[in-house]
Each structure stands twice: as structure tokens, then as C-alpha cells.
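The next part holds the structures, each set out as C-alpha cells.
In what follows, subunit A forms one complex with subunit B and a second complex with subunit C.
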Partner chain A sequence: MNRLKLIMTALLIGGATTASAQGIMGGHVTGNVQVDGQMSHADSTIGSQDVPEKLLMNARADILYTNGDFSAGLRFEMYEKPLLGFDAQYEGEGLANYFVSYNGERLSVTAGNFYEQFGSGMILRTYEDRYLGLDNSIRGLNVTLRPIDGITIKGVIGKERTYWFYSEGLVRGVDGEVNLGSLIKSLGESKFRVTLGAGFVSKYETDEVIPSSADPEYKLNLPLNVGASSVRADLGYGNWSLQAEYAYKGQDPNTINGYIYRPGQGLLLNLNYSQRGFSAGIQAKRIDNMGFKADRSQSGEMLYINYLPAITKNHTYAFLSMYPYATQVNGEQGLQGDVMYKFKKGTFLGGEYGTDLHLNSSVVYGLDTTVTGGAGTDGYEVNSGLGQLLYGDVSVEVAKKLSKAVKVTATYAYQVFNPVVENEPGSLHHNNIVVADVAWKVNKKHSLRFEAEWMGSDSHYDADDPEHNDRRAGDWVMGLVEWNIGTHWFVSASDQYAYNDGIGNYYNLSVGYTHGATRLQVGYGKQREGLLCIGGVCRVVPASNGLTFSLTTSF
Partner chain B sequence: MKKIFIGLIGLLGIIGLNGCDKIEPEEYTVYDGAVVNWTDITTTVEPVQRVYVEKYTGPRCNNCPLADVTLEGIHNDKVVMVSINHPTGQGTPYPNQPDMRTTGGNEWDKYFGINAIPTAFINRDRTLQFQGDMSNIVGAINQALTEEPIVAIDLHSTLENNTVNVSAYMHFEKDYPDQVTLTVALVEDSLVYKQLLPDGSMDENYAHNHMLRKVVTSYWGTPLPIEVKKGDGLIGTLEFLLDSEFVAEHCHLVALVSDKKSRKILNCASCEIGK
Partner chain C sequence: MKKILLAFALFSIFNFQFSISEAQNAKMPQNITLKTIDGQNVQSSVIQNDGKPVIISFWATWCKPCNRELNNIKEVYEEWQEETGVKLVAISIDDARSAARVKPHAEGNDWPYEIYLDQNSDLKRVMGVVNVPHTFILNGEGEIVWQHTGYQDGGEEEVIEKVRELLK
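And then the complex of A and B:
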């Protein structure tokens, strides 16, 4: 592997320095660079701390060389020191990712770091999200075969990345998918769409000593090979579609589930209907002990082999996303419904430009369980009822263009949030949220965006009470103004203020400049502590107070 | 096409059936550590009191080399030293450097609640804990060496084809009311990797000594099968495979006889592998 690394480094650095953006042996070199910096100092009101290093910085550079069916790439990363909220184990710099790849019509092969997903990801998904500080790429071999049209077979083997290291556990997997419409002519010509798939993933990990909860002189007899399998179907007829996947995980005592031997199960159902101007969908999910990691003793978000899709809406407005829902890998069950409708132009509700209506609601409960033991037992039995309410929300969003220059989006949402999803004590938070968003294109060069938000909550802040020391508690208001000047500049100012039963005044000023593929943004302000969640996967964002900057460019 | 499909299903089935282990409920737990076989002896062992120094360290800890200098200065055949790589923070290895964290060391670290390094204990006595400045440890070690031994211990080993056979000879000089355990661990010297120095610079080739590589028995030791009385003697023997990554010539075995409940070390011994 080291030899491979040396060859690739020489090839890519040589290519980048001698051949400009294209032309190396007829291929192309592309890439991107991102540098994020942060300075923060103490503020007892929001709970931020001084940063001893004064300046924290995350930086990365991706370089990709492509030449026909061949490609190779590498990523340099530097964390000196990591931004607040990124794990200290990231500290350092070096070549974090490299690969060579051949992508032919019937065969694809990647050696080095790769990202892969089987089905919805319930048994295998490796991906990178720089904002979560998450990269679980596998370093190894990834082969995809397409022996005939309509059949895809994937095979993977390797170890997962965790910060600057790789898992102890070896991940092996195989997945097959058949598109029957490509194989059966009459089906391909009909309105039916049928794709079937199945996958299997196995993790091998050496033994280690985990004391039994019943008798510390005994250790757990750990399964060295842990397997997970899934079957799935993607069916469609006309405007209807149904995706279903069931996953089963064998005995996998690990630190996430408290080293119990109970097998895991997961079920995902997704039914959708869509036509021009209207779509509706309902999603159901039930998971039981489906945390599947490359290293059994690792907690946190790194080293997951699988991914359990979120069943709640990923909100973007500040107050709507203040209490994000984090997927409970040990067990949850829920439903989500989503309806979008466009009132046509010229109708009473559609007006001159039409009106978009978006309704969404989701509810997630825990499993109703009876505990039967601790580490070294089956752990618990699942009863037929619902567990405690973990999260629920309903939101209504109306977007309407009032004129060629002005568009208004209004949102109302009601949320119920259980702090237990963040492993925190306390009772349910009930929040009402209203958002008004106005975008105004003043002229060809200038545009403005105004955003006003309000959140009323039954929670309150009390620094001395562990059940009420959440700085998100209380009633809040927020205002934001964003000014875009031509294609180069933008300026924004915002403030979030807890006006009742809460604490904190979080102002932010930001200036950005874009030139071609390069963008520089500088901000100054306060960041409230909380969670950043993307797709149900979260990282803690500590409070900060100071300057931030971000530079991105691509070539 | 049918053959391909059947072949694919067959392949998945074969891999699935062989890709995971199934453990029956009655086998969820097993006895921990290398199995120690016990034999009574009537011969005595030279009653030497030694001192066990357990030091928690890390490559990103700039003050740890100062502790190394202090402790190396007092290291002799009556002072048995084990260095344990702290599992997080300053114990985190640098990129592309060897990872000296061990499961057993992590367990000990967790038990003692180590929150800063360097930290050292004498005989795992919480009242003899030293953090940062090690200047006072010398006097405490000398004081501990003056105590009369409760148990005399002598340690020997053989090495054949990567199999290490260990014999721990114990002879009790006094009655002891509580249960006693024997722990055997493997430490390695001359491990060269990056170490942060007190002036903030990096020594790329720092030689780390006495690094814990493996706890051979269970973390907290295998209980002796006797109620200890003055004059009792027994040999504990065990065997284990030496991992290929360990350099035998640089390895030592450490035997700790300790109080099962308080985990204080009553006496200890050390020997080179194969001697």
C-alpha cells in the first residue's frame, strides 16, 4: 500500500505541477481546496471557552486525475488544531485518502479509499461529510461487475477510516441487484418497474477482553465474525413507487448496545406518488439494535459500517433545526408523511405565479422493551407496544411569488422533542415556530433576503438544574438580512435572542466574496452550543464566540 | 441468465452462512485471560521486596519525557516499571505512528480515572499517586522498599517457537486475610516513535521503554486457589503466544501479586523473555 501511495503521490503531484489543469498524458487534473478557520474566546453567557491556540484550522485539498476509464485521486487534510466540535483525534496532517480506479462498461475496480453503499445503507454505507467531521471510507478493494445489462454485483473488502487510523475490524461485503425490466422484455415495456437486491456484509475483528457484567472474572465470548444481510425491492407502477428493505444483523455485542448478544433488525418502507404539481409520500421505519461498527469498542459517530436513514425532515431554518433528531441506532420506530401541492397560476390560491404548499409530519417512538440483563446476555425483549415518544413534528410551508421580484415563504411548525435522544435528562420540549422569508430581487445587480423567526417553547433555562441547563430552552426571536451585490459580494447580519425563559444573544455578521470558483467568507459572532445533524447523524457543536473564515476554490 | 442468478444467490448464501459466528447463550461468557495452573511447593523463594511503578504516558505529552528521566534514574532490579499509553488526548498516537494503547492498559487507566499525564502510582496505592512533577517519587519508592515482604516472588520463562511458558514462584512470608491474585503482563523496551518534548519540539526517534504491550492474564489477575497462610508456597504456570510484532529480545514479563479487592500490589517481579 505504501508503494501504491508513493506512485500515486508522484503521479498526481507531478501532474498538478507540470501539466496545469489538463494535458498530463492526455488526462485531466481537477481538484478543490477548502480552508476553514476559527478564533474564539470565553463568554460565560453562552458557555464558550478561550482557545489556547488562538486560531483553529481545518484544511483539505482534493486532487483528481482522470484519463478515459482510469482515474486516481488523493486528499490531503490538515487539522491544526481541529475546529471546535471536531474530535481532537483529528489533530495532525497528512495524506488521508488516495485511490486508483478503473471504470469500464462491465467492470469497475477501485483500489485505495472508496465510498460504497448497499441499498439504503442499512448494512453498508461509507461516506464522507466534512461538516460532520465524518469519514468512514474503506481502504481496500472495491469491485463492481455488470455481467449483463440489468445485473450489478458489488464486492468490497478493507478497513474503515477513523481519524488518522484504520479500524481493527476487516469489512467484507457482497451485494447483488437485478433490474427485471432490463432482463424481461415484456416487463421493460410495461408500466411496471421492478428492481430486486440482496447484500451481505461481514466484519472480522480479533478478540478482546470485555468483562462480563455478571462476573468480572469472566469475559465475553465475542463473535469474531459479525454478519449483516438485507433484502430489498424497488417497485414502481406509473406514478407510484414503493421501496422496501429488511435487514438482519447477527450477534454483535458492542459498546453502543452495551455488549448484548441480541440480533439486530431493521425495516424501511417508502411509498410515493407523484404527478405534475402534486406529490405525496409516506415512510415507515423500525430498527432494533442495528448499530454496526467496524470496531466493537468504539463509541461516537466514527466507524459505523452501516447507515440508518433519517425519518424526520432535515430542516434548514435556524429554529426549525435547533432541536434536530438524532437516529437512535439501538431502537426506534416511526412514520413520516410528506405532501407537496402547487396551486396553479390563475387560480384563487395560485394567483399570478402559482403557490407551493408543503406539508410534512413525522413521529418517532422508542421500542417498548423489557430488560433481561446487561453485558453478556441477550439484553432485552421487545414488546408489541410503543416506547417513549422521542420526537414529533408537523410543518406547513407556503411559498408564493408575489411579483417578478418578490417571493415570500411562510412556515409554521410544531415540534415535540425528548432530550433523551441526546442522552440528556429532562422532560419533553414543546415548540411552536413561525418563519417568514422574503426574497427581493431589487434590480439586476442587487438582491435582498429577509428572514424573521419566532419560537415559543414550554422549556426554560436554569444553569443550576441539570434538567434545564440546555441553552436552547426558552422563547426566541431571530432576524436576518442578506444582501447580494452582483455575482461577487454578499453581506449578511443576523441575531437570535432568547427573550423569555432562556439565555443568550447570538449575533452574527458575515461578508463573502466570490470570484469564479473561489469563495472567501469571513464572519464574526456567536454560535450557540447544540447539535449539528445531517441525515440523523450528528456532532456536538460547542459554543463559540469570535471570528470564522472559510476559503474554497476548485480548479 | 438463470444460471448467473442462481449462482449469485448461491454465492450470497455461502458467504452468508460462513460470514458470521453464532454463539449459544450458555457460551456468552468465558473465563478471562491465560489459564494459570497451580502447583504447591515446599521450597522457599528469596524474600525480596520490590516496588511496582505504574506510569501513564503518551506521545503528545510534553512533560512525560521529564518523568522518564526521573524514573529511569531510579530504575534497578528492585523497581519494576510498566508504562501505559493513556487512551485519549495526549495519549493519542501521531498519524502513521505505532499505537501503543492496549485493552488492558485502557482498563487500568479507566479504573484509576487517569485524567492527566504523566501520572505514576507506587504499588497501585492511590495515596502514592504522582502527577506531573515526579521529584517526590524517589523518596516514596525508597520508603516502599524498606517494607517487609508479605510474599516473595520469583519469575522465570522459556520461549520456544513463539510460545512463552511462564512460571511464577510464590512463597508467603506472612498470613494475609484477603484474596490474592496473580497478574502477568508483557512489556517492551526500545520502541522508537515520535514523542513531544518539554520544549515543544518533536523527537522523531524517542526510545520508549517498559511499554505495556499485553496483559497476559485477566486484567486484574487470576485468584490464587488458597487462603493465604504464612509458609504457603505455590507455582503459577501459564503459556501464551508471543505476537509477531513484539521483539522478544526487548520484552520483559512482569508478575504482580495483588490484593483482589483493593488491587494494591503486595510484591512484584520481572524477567526477560526466555530467562
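And then the complex of A and C:
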């Protein structure tokens, strides 16, 4: 079977090449290719293991053929063997994804694998993240109608991808969105902006035997159809905007919630004010039992029908993102506030080139619940208070151009992290983090970037204590130098070192070459074990020690 | 056998990449749904500049090099526009986690660009973008004539050079 798929891929790609080169079909072929490789050796200080295959490799190619409103695409994937941190179920190669699509002005139809999102994704979002090894595309039919300007209606049906297979459950959904300003002329010309939407998703799955917690002699009467719906509004007036979405999920006993029958609810609110050089916003989110999967018995990150991003800011500096927050789909409530301000040129704080100030803070609590039963019951009741503190942070970032060639960014952050977020034991960690980032454009051809980071933490490392064997514990320093030569080459060297109460010394060297849309990067060094998180969805990456390379090209 | 086929497949891809550069340029996709920063659905065909070149920059609020690129271009954008008539369209790939912050982020940074949201990466996917930042140049006919991945300080010089070449 695998061989057949491989032959098909080779023939299709070969065929597309010939067609394009000869220009018979008159369309265009575009796409991208990515190849990642990794070698790793055992190192007891960081906990990395030897890789028996010596070299691990992920590779993929997306090929898209477009001719006017018609397009067809396919993706070849290979994991021989999967890179560290990717699920072993990925091992193998073949055609992972294919579709044909018509995209007209009023109608779009896709048959095959597709990615779709209703509203913010709280009831349905299929997407792909190649770095997380996550793809929940639906294979089926996706239709979008735009009957008149301002109205969009979507319909989906199909099964969800999980590694090389598809879900047992069948996913069906409809969604509508109306932009009132396009329909009502006087509204469109006013300062008000109103977009309203609503969606409904239903999953069908056959019955299975799950014993009741009250009496294991009895099996649960599982709902074969599980429905979820949401309503949303996107409102604006002048410089103000408000986005709100509320989602409700019917009885959905599943592995993640422990087979309880309590309905799920989700609420997301965003209020923002912005004008040139200044913006402020607040985001609130509360979810209660919103894990919604295509297969009720599956745990892990695959097969989610909906998307529940983390409410916290997506930090990018190494130490700021060392303890990332991961969404707790069974229940969490939180707030995030964000302020940006630009001190203008020529003012006291702005100086010659202006100064940017960025403040951000978020706090996330669990739900305060009273457990009322196990599998087969409603599970728990929610009280009005806050549950335990899961995560909190506050950060201040100041960016200032000192001269035409030098720009400095300084960041301070304070963070509270509860290990329960990663299902680990232990008490709260409190971290103070300082980052200095200096970019220096030496001349037309060369530029340098220096980064220094410090993290002080009240946690400590002890290999024999399960509450303290987290290798991120302790106080850390880091240095990084990046040298860019023209627009093609870069060389970077960095080191993270636990100098107090911790363990580990993680050095890294990398060289990269970019030409147009092709990029090759080769690195050597140690990678910390930890969570790689994108959008609140995380995967565990084991420690590694050795050579890595990555080639990407788009065409 | 597997290895031979794989080698053939990969070879074909590269082979084909070189052959395509000689063919006619691909057009920018026309019927992909994007959102304006005010939440309204529009088709990607709105991205045009009355027969003059367009720079398309894929970015995200959390992407540091993207922000450096867009901030650095801001310094010279007025000059670029006066000289070449070029327009920069910034496509955010922020998802539900940060999509609501795109407008405040752009205005807080005082960016003078036309901005759209590609929340589920539909346009990113059909344009073959792997990582952000990724920059395209469209000629007056809306054809993709150049693209570049990543940003290094000074990279904007190469972008405007390519735009100037188009106008020769």
C-alpha cells in the first residue's frame, strides 16, 4: 500500500513537472518543500538519548496546480524516522493530503483535504502546524457561498486526519456570517461596523462500551451525535472594537473529561482601542469542558475539532517562553491586558528617533469546582469563585533607536507558573526575567545582534525528587550573537547556562543561507527538553544533542 | 525501490523548480477570503495597485523579524511610494489567540500599510509560504515576480531594488 502511494506520488510530481515545462495545461504549479534532519547523542546532564538510526528525517512537499478558478493540490510527507518529539505514529511516507478545488467569486468548493475555521475556532478549526506535527485537516467536502456582498455561508462534512489515518467520527458543520455594513448603506457609511455570525457543528460516532463509574456492570449510554454551536459579534465604532463569541457544546462524554455528561461552554471577549501610536486592549476568556474531539476515546493533541488558544501573550525570547502556558481544555478563566505607546520623535522620552513602550499582563485561573461524580454523571458543579492560580505574567518592553545604526530593546518580566498546567507535581514557580537585545547595523553589508538574558527563579533542581526534577529549574544566564552578512548569510552562537540551583549548559551554533525563497540552516548544539508551544497547543520535545539541519524552499 | 522512487520524486521537484522559472509568472490567487482589520470578509482580489507594483509581506504580531522588517520599511515607505508608486500590503497570519490584537498592534506601531488577516492561513498556504516573514513582489499585472523568506537588517534595500527593476 505504501509503495503504491509512493509510486503515485512520484508519477504525479514527475507528471506535473513535464506538464509545466511543456506548458500544455496552461496553468501554474507552485508549492514548497521542507526537509529537516537531526542527529543526537546521549548526554546525561541534559537527558538526551542516543538515536539508533543515527539520522532522523522529516520531509514534505506541497504541490499546488492552479488554472484560473480551478486548483488541485497534494502533499507528500515522509518521516524516516520522525524527528525527536514527533509521535512515532508518523513513521512512514506517502501522500498525506490531496484535494481539488474551485474558487469562484460567489462559490468555492473543495473536495479532499481542507482547512476551515468557524469564527474564532471555538467549535471548529482544522489547521496544520508542521513544527508541532499537528494536522487535523478534514477529508471530505467544503462549500462556501457568497450569495451577495456581506454574506458568507459555509458547509463542511468529512473525517479528520490523525497521523496516517482518519477519525472514526464524522464531522459536519454549517456557519453563516453577515456584515451589516455591506447590506445597509447608511450603516456602511457610518462610524459603526457590525459583523454577526453563528455556527453549528455535529459529530457522529458509533457506540462503544465504556463502563459506568457508579456500577462497572453497566455501560454508559453514549450520545452518538454530539452538537456544538456558537454565536459571535464583531463590533466597531471609530477607534473602538469589540469581539465576542459564546459557544455551547451538548453532552459529550469523552476521555479528556473523564466521560462526564456536563455540557461544555466557552466565552471569548476582546475589547480594543487604537489610534496612531497608541493602543490598549483587554481580552477575557472562560472555558468549561470544551474539549471536542472527532473520536471520543482519543487523548493527546490530535483529532480536536475545535481550537482553544492560550489567553497569554505568545512570548518569543528564550527565557520568557521557557515556561509556556498551555490551554486547559477542561476549564480555565483568564484575562490579558496589552498597551502599546509610541513616544514621538523630538519629545523628552522620544529622543531623536522615538521610543516604543509595550506593556502586557495576563493571569489565568482554573475553575472553582465541586466534584459530584465520575464517569456517567455530570461530573462537577462550578462555583462562583476562582480556582487555583495556573499562570500569571507581567512584562514591560522598551525599544529605542539610539542612532541610525543601533537599536536597543530592553524587557523585564515577572512570571508565576503552576506545574499542574503540564500535569506535573510541585509548587508555584516565581521567575524574574531580564532581556537586553541590541541590533547594530555596522554598515551596508554587515549587521550584528546581541542578546543577553537572565532568569532568577525560586525553583531548584534535584534529580532524585520528582517534584524538583524539572531541568528548567534554577537561575539562568544566556548570551547570543548573530551576525548577518548581506541578505544571504547568517551565523549565530548562543549559550544558556544554569549557574545556580540548576543543571545544564546548552550551547548552539548555527549557520544559515537564504537565497530568495530558499533557506538552508545547519546547527550544532544542545536542545533543552521541554514544551514547544504554538498558540497554546504544545508538544513535548525531548532533549537532543548534535547536528540539525533544515531546508525550505517555496516556488 | 522506495529510495529510488523517493529520489526521483525529490529530483522532479527540484528539476521542476528550475523549469518553472522560465515559464510565465504565476498570478496572485484571486478568490481567497481574507478579513479586513475591521472584521469584514473580502476576496484576495482586493490586493492591487492600479497597474503599479505591490509588495506583499506575510507577518504575525509575535514574529520579531517581521516587526523589524515592517518598522524599518516604515522609515523609508514615503520615499518608496513617491519614487515608485509601490504599495505594501501586510498579511497577518495571527490566529484566534492574537488576531484581535492585529489592528491595535499595527496602529500602535503607526504602520501606514494596508493590512488583512489570514486567520487560518488560507492565503499563506496557496502562496506556498512556510515561515514568516515572507515577502512577495507583484508586478502591475498582479503576477508574482519575486519572493524572499526571512528578514535581515537592510533586507528592504533588496526589495526596493527589485521594484525599481520592474519599472525600468
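For this structure, a couple of remarks:
Everything below uses one rule, namely that the second predicted complex is superposed on the first by the 535 of 555 C-alpha atoms of A that agree within 3 Å, B and C clash if a C-alpha of one lies under 4 Å from a C-alpha of the other, contacts with A are read in each partner's own complex, and residues count from 1 in each chain.
The criterion applied here is as follows: a contact is a pair of C-beta atoms (placed from the backbone, for glycine too) under 8 Å apart; a residue touches a chain by one contact, two chains touch by 3 or more.
Predicted model only: the values in this text are computed from it and were never measured.
In the superposition on chain A, contact of A:L141 is made with neither subunit B nor subunit C.
In the superposition on chain A, A:G250 makes contact with subunit B only, not with subunit C. In the superposed pair of complexes, A:T377 makes contact with subunit B only, with no contact to subunit C.
Touching more residues of subunit A than its counterpart among subunit B and subunit C is C. By the touch criterion defined above, A:V434 lies against neither subunit B nor subunit C after alignment on the C-alpha atoms of chain A.
In the superposition on chain A, A:V226 makes contact with subunit B only, not with subunit C. Within subunit A, the residues touching subunit B in one complex and subunit C in the other are 93.
Contact residues on subunit C toward subunit A in their complex (touch as defined above): 1-2, 5-6, 8-10, 12-17, 19-20, 23-24, 26-27, 29-33, 38-41, 43, 61-64, 68, 95-101, 103-105, 107-110, 119-122, 125-131, 134, 146-150, 152-155, 157-158.
Listing the residues of subunit A that touch subunit B in their complex gives 88-89, 91-94, 147-148, 151, 153, 164-165, 172, 174, 176, 178, 183, 198-200, 202, 208-209, 211-212, 214-221, 223-227, 229, 250-251, 261, 297, 376-378.
Taken together, the subunit B residues at the contact with subunit A in this complex read 1, 4-5, 8-9, 11-12, 15-16, 19-23, 25, 27-33, 88-89, 92-96, 99, 103-104, 107, 215, 218-220, 223. Partner subunit C is touched in their complex by these residues of subunit A: 3, 6-7, 9-10, 13-14, 16-17, 20-21, 23, 28-34, 59, 61-64, 66, 69, 71, 76, 78, 93, 103-105, 108, 115-117, 120-122, 125, 127-128, 130, 144, 146, 150, 152, 177, 179, 181-182, 193, 195, 234, 236, 241, 243, 268, 270, 272-281, 283, 307, 309-311, 313-316, 338, 340-342, 356, 439, 441, 444-445, 447, 484, 486-487, 490, 512, 514, 516-519, 535-536, 552-555.
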